[in-house]
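Take a look at these structures.
You will see chain A twice below: alongside chain B first, and alongside chain C after that.
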Partner chain A sequence: MSTSQLAERLNRTTRWRLPRRQLPVLVSLALLLVMYGIGVSQYQAFSNIQVVFNVFIDNGFLLVVAVGMTFVILTGGIDLSVGSVVAMTAMVSAALLRDGLPPALVLLIALLIGPTLGFVMGCIIHFFEIQPFIVTLAGMFFARGLCTWISSSSIPITDGFWTSAAQERIRIGDNFLTVGVLITVVVVAVAAYTLAYTRLGRNVYAIGGNPQSALLMGLPVGRTRIAVYTISGLCSAIGGILLSFYTLSGAPLIAVGMELDAIAAVVIGGTLLTGGAGYVLGTMLGVLVLGVIQTLITFDGTLNSWWTKIVIGGLLFAFIVLQRLLGFRKKSFSTR
Partner chain B sequence: MSSWRTRLPAVTGHRLFWPVVVLILLLAANAIYRPSFLAVEMKNGHLYGSLVDIVRLSAPLILVALGMTLVIATGGIDLSVGSVVAVSGAVACLHISQQPDQNSLGSVLVALAMAFGVSLLLGLWNGTLVAVIGIQPIIATLILMVAGRGLAQLITSGQIITINSDPYRMIGVGHVLTLPFAIVLALAVTLLVAVLTRRTALGMIVEAVGGNAEASRLAGIRARRIKLLAYVVSAACAAVAGFMMTANVSSADGNAAGLWVELDAILAVVIGGTSLAGGRFYLGGTVVGALLIQTLTTSVYAMNIDPQTALLFKAMVVIAVCLVQAPAFRAKFRRRRAMTAGPAAPTGEQRKEQVAA
Partner chain C sequence: MSDPNPVLTMTAISKFFPGVRALDGVDLRLFPGEVHALMGENGAGKSTLIKVLTGVYGHDAGSITLDGEPVAFSGPMQATEAGVSTVYQEVNLCPNLSVAENIFIGRQPRRLGAVRWRDMRRRASAVLARLNLDLDVGELLGSQSLAVQQMVAIARAVDVQARVLILDEPTSSLDADEVKQLMRIMRQLRDEGIAIVFVTHFLDQVYEIADRITVLRNGRLVGEYPTAELPQLALVEKMIGKELDALERLDEAAGRDLAAVEAGTPVVEATDLGKSGSVEPFSLTIHRGEVVGMAGLLGSGRTEAARLFFGADRADRGQLAVDGRPVTIRGPVAAIEHDIAFCSENRRTEGLVGELSVRENIILALQAARGWLRPVPRRRQDELVRRYIDALSIRPNDPEMPVRNLSGGNQQKVVLARWLITEPRLLILDEPTRGIDVGAKAEIQRLVVQLSDGGMAVLFISAELDEVLRLSHKVAVMRDRQLVTELANDDDLDADRVMRVIAGGAEQKDGTRHE
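Right after this comes the complex of A and B.
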């Protein structure tokens, strides 16, 4: 075989590998388009651009949380505490605003609690080598317990800054977006940039691919691992603020089970749960898929809400089998 | 004295030492708060008392955690048990509610068999995804965790099915031989699993598969079949737990039945000293873990603390127990002790403070 042939072959494999890596994301995109197409063909009102905007408005906080989850999952970890941290952030802001603290200070405090908890969890995971599953589970209990400790009933937010942020409509033609959507878009953009173009992002992928070799390469494994849980905490805190914009209250039992939605969105977005492969864009598509499913079921009116869960379960199954068929596997599942 | 010195590390180093200490501390705290706590009395030939209640209420958790132990021992995890609990309860209650005579033993048995069969199918589904298709266990069971909840609601049509069936209620609140039936059932299942795994080679085989599935396969173990079996057993245990939970309240709620039980079960397993990495399992430890979690919940209720705030305590205890058991934590702790060469007493105090916090 001549060198040119070899080079050609090499070329072909690299040309093949690229779409292969991004195929799950493309499949998510195709799925999203198909589902949107179904919606448009079935219901006239579905073609309204506002429907798309509403998906963003209704799922903005989930998107932000799922972006943070993407970081954690890319390193091969998992963060079960996000839903509770979202609730805790909303709860703390509502309680502090009720007590008359200035909004700027409340915002600062609320945005600090989540990352702090994430940092502590990351430290415990790294230094004491306890599984992320258990540590973040304890974090989930802790944050949820704190919510009820603050108040066992919902606290309304009447603060001027919060209400104006919640009610501000950004007009685009006949349609509108909320402030929350803008924040969401900024978070997604920053996260995508961080993962793709910064050293931290590279480290995240490297650790997810193989922590052992990352360590041997001299990458700061511990620092990165603690960082991703802190980032996830920060994203949950931002998600909590967005949720408090959205509902204008803090309730102790809000966002229960949100971690599952976030994980489902990340998986549907094509990220491997073993870590090392995936994109923020995919996560965004995953969240949109979940949002469109909900919109479809709302539009239909005859289907009950539990169909959402069944459909999400089915989609999860389809995507995981797809990942298997594509041969994306890091650890050998070694039961042939 | 010298034998005490040499035996002390052996006792404190035992994997069940700290969980048992915490359990005893909790019980003692309860007894101080309410002296009648430890009292157990006979009424109409039945045993009553807070301790009996704790064991009775922990019976479903023990069952679920036993199944979970086997799954975790094979290196997997089963997140779907809560959904299986909901589905099995829903199927059983739906069938009973459709009968003209809800008290007939025959129809209750049919209902139980149907629900058990459905649960076995769900377990088979999990097992197939993990063992045959080779999907990562945490995701494979996540599918059923999400979809199963929807399935349970589909079965109950989103309603809470209330039944009025004495034979069915028996599973949750009945008594056999002075003991609550739930305790007897949990004990029987525990013994059965213990005998099957520890008196035969099965337990060793399960540990071999969890340690290294490929190596065990090369050694002639049907690793796939063992994994599949573990998920089926887990679902079966969850099904029985589902009967208990729904029988306790004589109603099936697709949304709330068995909510978060998977997390409690995993906690019980981990507190019991079984590593999430697989390869080893301790049934006794799991039972202690489940009792510990239920005692914690019950004592928080007894002390009039908001049930949700109880999660705060749970979080503290979980982290404390896991930290104390973590090899890395122990190593750091030991090194520090060696450096300061101080007596063990103050550090012991610190640990207690952590637990009590």
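Right after this comes the complex of A and C.
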């Protein structure tokens, strides 16, 4: 049975029992379990818990970036600059460390650049009423250009703090996690709490539901909108640091197209592209789905890695159709 | 009954838009514990006045005082904080959030910065209970009926310690029971000492609840009157500024000669046309020059039936013949090729392009019918547009005005003009007069008579029996998704009889036609 048929049946038979709001997330969860199940049934080594840990280790930075993207998409916007900001953060860190700056200062600077760019883009989007697509596209070129300006080739990181953060193994029984995974988990938890329990988070949903209403209800629409792009910038910066832990280098052409992976993860995690509905937890499931697909293809060994893209493309189609079937659609606004 | 000191006054307010004087020296006084009806035709300036009051627009002259202190709100948020809350016609809440959250968003109860969901839901239930509403506040707002959404909006508005509550056409999408419920809430709030501004087009509702009436016309103040001293007819006169003979003159068109039109050529004939789950099979013939009224309650299948004629929905049984030849109408494009036009009830959301001018909006359908390779010459455009602006009294009568600057009634006329310009042979009008004022109503009704005299077949859908009876040669009554009967509009037919059929009385059994 195809995913869309499944969705339709779920929709028909359980409409009154399953909360509609959480349904897309449940579908993502089911998808993840099915994929994991396939892995376990096909490959003996797949059931090793370290496989799951590795999915987190290999995709932590993507997850952090996708969390920021979730905020933006929940307001009905989009942020195309995230991949470039990730690369830029890694580049700046590598370059400053090479020049001998203390790691703490480097960390601070690297973590400030992303949110600053996000703040500026948010301001342009809000005050000049320009499509987020265009503004963040400009931000994407800008940040990517800066990377190459810093250096046209990869800069290795040899700093002690960085290498120890990268190589530290946190043992859990026979398995291990990295520092990056811990940071990722903290980011996810803080983000989930922010969306569910703070006024800022609830305003994000309100704006995604109906920006005009949000304004008329007296909500700080402008401030919230600028905040989500700043948050996305911060998440990209953290993602960039995590990536530099992971690769121990800064490279101008790293994380190209990562914005698209992040958007894909958010959508597969059940967040509406038009805004107003979705969860950080869903985004986490979305990233895990992407990670498990990659792992499956690695385990297979014969498949080209582009199969990852093909499967993600197929899933995206399925999820967009699913959103449609569940009847989550924006009402059109009046002309007045 | 009222406190001698108004809680809020607006004095000599003027507001200019480019090329338009929207308000010119308007006064408004609101007294605590009073319902104050703000009346006027479309475009009279009611909405603008409210937007000035709540700070959505600034004003160019005049002053506003709250409790004697001069105020100027910079936006709805400040107005709300000062105790002036507004509930708009189109519910301005977030359908993707829960009922409770819609009431409390922006001022949720918190502890250490964290929203206390349980506390919020409990308080939301309490607020709604005060308005005698019992619903699950955890449900999504979007899953509630429009009426409930409206009440939730009011609950939100009054819970912020509102002293002035502005209700901008709150009843226009509610059915009779829901209106009653709303009225009850209004009375209750009034008795609690809140000053209520009530904007509506429904005169009976004004006389049922309003204590005081302010009338605006063309952006000017006509006057402020206690309701008791202003009879209904006088009110209408003040609103439209001329003796109200337009509607009465139209009455002459009644008792229209059914036999004559029925003898003519049928334009469309539906035979057992139906769509499962939407409308039961029905047969209906519309002749040249005939106006067929379609009556029935909201949701009785009127619109659904009309959509089958236009191909907006595909019939799954029965036949449709145009000019005696059976046709399959696969969609609106095919319908337009058969010279069928459909003016839908959702005029504002369907089809008007707010940024484009009146002229461009009117020409749109004609241009589409001709194909984009054959542009309508500019001189021809100007001539056509001028003719329809005059015929429909579209105001302001500037063809280059962006449509979004027009009031609702005038936008409606633009949609109508767009279809008329294509010279259809069958014109389907779905609630063309809903939510528009008496003057515009009379103009549209007169137009329907003229068009049918000119040979156009018209299917006229309306919830207002008076106007259906005034215009139609025959009346098709819908109930529970069935066409229950066709009534010839002879001298015997009156609103009571139609009402009985709609309600499912004895009439339905004695044949389908009274001739």
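What we mean here is this: the second predicted complex is superposed on the first by the 312 of 336 C-alpha atoms of A that agree within 3 Å, B and C clash if a C-alpha of one lies under 4 Å from a C-alpha of the other, contacts with A are read in each partner's own complex, and residues count from 1 in each chain.
Simple rule for what comes next: a residue touches a chain if its C-beta (ideal position, glycine included) is under 8 Å from a C-beta of that chain, and two chains touch if they have at least 3 such contacts.
Source: prediction; values computed, not measured.
*Asks:* Which partner reaches more residues of chain A, chain B or chain C?
*Replies:* The partner with more contacted residues on chain A is B.
*Asks:* Would you sort A:Gln212 into first (chain B), second (chain C), both or neither based on which partner it touches?
*Replies:* Second partner only, chain C.
*Asks:* Could you say whether A:Asn304 touches chain B, chain C, both of them, or neither, answering first, second, both or neither?
*Replies:* Only chain B; A:Asn304 stays clear of chain C.
*Asks:* After superposition on the shared chain, which partner residues are touched by A:Arg21: those of chain B (first), chain C (second), both, or neither?
*Replies:* second
*Asks:* Look at A:Ala277 in the shared chain and tell me whether it touches chain B only, chain C only, both, or neither; answer first, second, both or neither.
*Replies:* In the superposition, A:Ala277 touches chain C alone.
*Asks:* Have a look at where A:Arg199 lands relative to chain B and chain C in the superposition and call it first, second, both or neither.
*Replies:* Only chain C; A:Arg199 stays clear of chain B.
*Asks:* Quick check on the output: what are the common chain A residues between the chain B footprint and the chain C footprint?
*Replies:* Looking at chain A, the two contact sets intersect at 332-336.
*Asks:* Please give the residue numbers of chain C that touch chain A in the complex, ascending.
*Replies:* 75-77, 80-81, 86, 88, 90-97, 101, 105-106, 108, 110, 113-115, 140, 156, 348-349, 352-354, 403-404, 408, 411
*Asks:* Note which residues of chain A are touching chain B in the complex, please.
*Replies:* Of all residues in chain A, those touching chain B are 78, 124, 127-131, 133-135, 137-142, 144-149, 152, 252-253, 260, 263-264, 267, 273-274, 304-310, 312-314, 316-317, 320-321, 324, 329, 332-336.
*Asks:* With touch defined as at the start, can you tell me which chain A residues reach chain C in the complex?
*Replies:* Within the complex, chain A contacts chain C at residues 20-21, 193, 196-199, 202-203, 205-206, 208-210, 212-219, 276-277, 331-336.
*Asks:* Looking at the complex, which residues from chain B come into contact with chain A?
*Replies:* 77, 129, 131, 133-136, 138-140, 142-151, 153-154, 158, 212-214, 217, 223-224, 227, 254, 263, 266-267, 270, 276, 306, 308-316, 318-319, 322-323, 326-329, 332
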